[in-house]
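Should a chain be cited, it is by its letter among A, B, C and D, assigned in written order, with residues numbered from 1 in that chain.
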């Protein structure tokens, strides 16, 4: 038994499902004003950021998450110049946004100042200096309040928040009320993108309800998914807008736009990946057709 | 803590990664001549068949695995009449094959007589009486030896075996030598399909090496994947033939053929799902381009 | 990995300490009006009774628990004829009491009728037919209320209850108020005995506070402990009375009384074991000297 | 679930029994020439030394282990002046030996130089500067070979080694051949003491067989045990000599000798603890009477 790992990180995916990976080191363990923060090192996924006991990203596969969240709305937009990011404290969403040569201004609002600090120190590959880019304005305040008060409109808005837990006020950013307000903050061809939790059949309700809720505010809602191994399976996202649909882009058109606008090599996203992400399997499409739930302030939805 | 589950099933996905689900019952626990066999009941996935400690299928998502394995080769073939199944003792692969109205004869060879017996008793939804279909010839002997000795050729051959563990002789059915022999057993437009293990980045070598090895025997090799939650992530498959390529079928053509040939409603597979399965993400395509490993009798590949 | 167990029972000993044993079968899983009830079979300890997720006893080492709880007070009493048991639904405490030839009448009150039924069916070695003994009166009602209302006095009272969890009213049987009432229910030389939870240094507060609380009602309080492997370590008990002290019995006197009164062979308890149980190690004696906590209705103590 | 620990250390006590404690930090993780070495920090037991995946000692309860190993032989000897320690790299066995004012010379031989270095750095409370005491000669070589070659005799010899695993040569120090040689290295009234593994009923064979084997070389063999929470239960030891028996010392005599010879306050050991340790429970005495196994070079015994 000599060679078996003795130290393990556990995450409850549901109360009946646990994912464990072995840990080689605990690099940081502390608390901010808003959440508990850990950085662990693992043989399976390299260094991982853990917030309130849930894995947020790993060195090994964060590129899948961040490229999935950012590039579909950015590529679908004809010329994205201004971008708003809610959350995203690790800096990697910002990194992917800044890779688009069309971008002139990014406003990023993450309430927790400590997460960017910890990530800069222990996970510098996430941000890769993005916070220093002169196009970026970084604010540590409440993203919802900021959007409410600003007069500015954006070409792309990206919501990069943890899922809505009962104990956290982030759930308000997953409601019909918030999405109604959001559409006022987009320019003419503007798009919003967000992550919407696991699409695994045992817990896909959040993914479906978020898409339903977006549909009450936007004409086009395109849900999609990508496999993220450190999250334990497929993860859901959605792009919403009033007129542009990512599903209408052929793989060739995606690749054409990428080559014109993004000079750094991507690892996950290209035309064929784009097509795969939007090809939701039949049983999930049927579940989406059946399930009518909409999320409101009064009837919020909490994930496990 | 009252409501937390106390009984759990663990599976080592790798030595550094464990998946656990809670168990509500252990319905069967025994051994055949070839392997240990368990049937457990779980809140997450319903009843599950466990062979040698590894989950083989669950009531909740076996339809994904079995539809993924069977329908791509069957639909790609213009008129599949004769089918050979190696393994598949649960009966669900047979069930999906028999759903094709073109099928006139199926030979299924599974060395372990006990698995079908246990599945009939505890998991009858898997086979749904398929073993009693008059088109089926079921044999309990060594599939490799049987293929070696038979003069018969088949339109579709499906290899539905557990992955190659060091302790089991099943590894021989994942070698260049076996695939070379296999092509002699196919009719003119014949196709072979098989499962090739996890495509998760931490353990995708088997998936890639199986595709590489098939390419030494077949002109067309199309690897593909599907998310199977109870397996802990995306799972790999491959279709191989001398002239037919499933990637050339449009979603519409897939749906057309399905509606002509398969009367029962499928839950996972249709044209859009087909397209999604063959849209391998970029990083995995790049890994496949880099990794040259071929599996032979002398240099076998064992999964964890 | 073939031979590694895949199915495991977990018990949180504290929020930071877990004990796991592998399970070979789940024989029963259900709920009574008062608690969840499970019977599991394990390679380590044989069949185990689990109430509300906590192990109550195992075939392999229940003899340690039950002999430890019953024989010290019974042997210390000069001639125990009448015995009251609160709880003890498994029947094994009763079994040990009835082994004393001096016993003429036992009243046993366990609120949960289902536990004796389940134990008779799945764990018959616990009760060994004790419930059918003509000396026994078995009642399914509230033990505290029963004692409050009865005029009867007993030579020995044994409190065989689960530890006081926040969710259960059993905590009232661990308070000063209850012990004050209890002394009125004992005959002249009467003794009370009870289990008082783990004595492991990480969670010994309950053991100490129960002894402190008994001291507010009784002149003699003798805490003691025994190692119970399936409970994960040493377990605490206490004997209390107004005049008799088990620590004054020499090993030889214990053995003499046993040979006169108990004809069945005991497995754990004899004179030398008696001496060992009351020889509390120094650090625990010192902790007991320091810790002054007393348990009252208003300031109850809950174990994890 | 916010407050539940996410990082855990696991130890297989047997293949069917696991102990887990949560970890707050991994302070060191490396390898020496002989074994893997870890220092972890835990809420349950403070800092713990882990060798080859097995816990060796914890800050919280190492005093129990080390006082149990050292003081029984030292107190039983009328005037221990020279002491030999095999193993004991943590320094705490040495610390306890040096507390005896009679001691003039200690030779300690631990093959692994790295363990003392790591312990000095991360667990200084173990050694408390003992290695610097002028009475100590510390050697990093093979203890068996050293004893074989030396002409010196000792009043007390303490074997403080990990249990005999199949992969390690330490098993030779648990054989009849070694104990035969050992008696030649003791002075007239000399005693040897050693730890002999868990006494839990599921794995007490080692404890019993070591005592049996000692009896083939020594006239007096006194096995004893102590509860060590971080080891998951009771732990076994044995004292052997040709004429002195620790069981003949009354608690009062132990306390008398302690007060004369040891000036620092002990936390675990005193007269009453001494008596408790040697009061083995009946079922274990019976098992010891039944089990005749003797350990030899040719028929070694490996613990899990």
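Convention: contacts are C-beta pairs under 8 Å (C-beta built on N, C-alpha and C of every residue); 3 or more make two chains touch, one makes a residue touch a chain.
Please read these numbers as outputs of a predicted model, since none were measured by experiment.
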* Structure fact -> Taking each chain's mean CA coordinate, subunit A and subunit D are separated, in whole Å, by 54
* Where the CA atoms of subunit A average out and where those of subunit B average out, how many Å apart are those spots? -> 33
* **Multi-partner residues of subunit B (each touching 2 or more other chains)** => 4, 8
* Asked: Among line, ring, star, complete and other, which one matches the pattern of chain touches?
  -> ring
* Structure fact -> So the touching chain pairs work out to A-B, A-D, B-C, C-D
* subunit D-facing residues of subunit A, complex -> 1-2, 4, 6-12, 23-26, 29, 36, 38, 40, 50, 52-53, 165, 167, 304
* Could you please specify the touching residues of subunit A with respect to subunit B in the complex? => 3-5, 8, 14-22, 42-45, 60-61, 63-64, 199-202, 226-227, 229, 232-234, 266-270, 272-273, 275-277, 279-283, 285-286
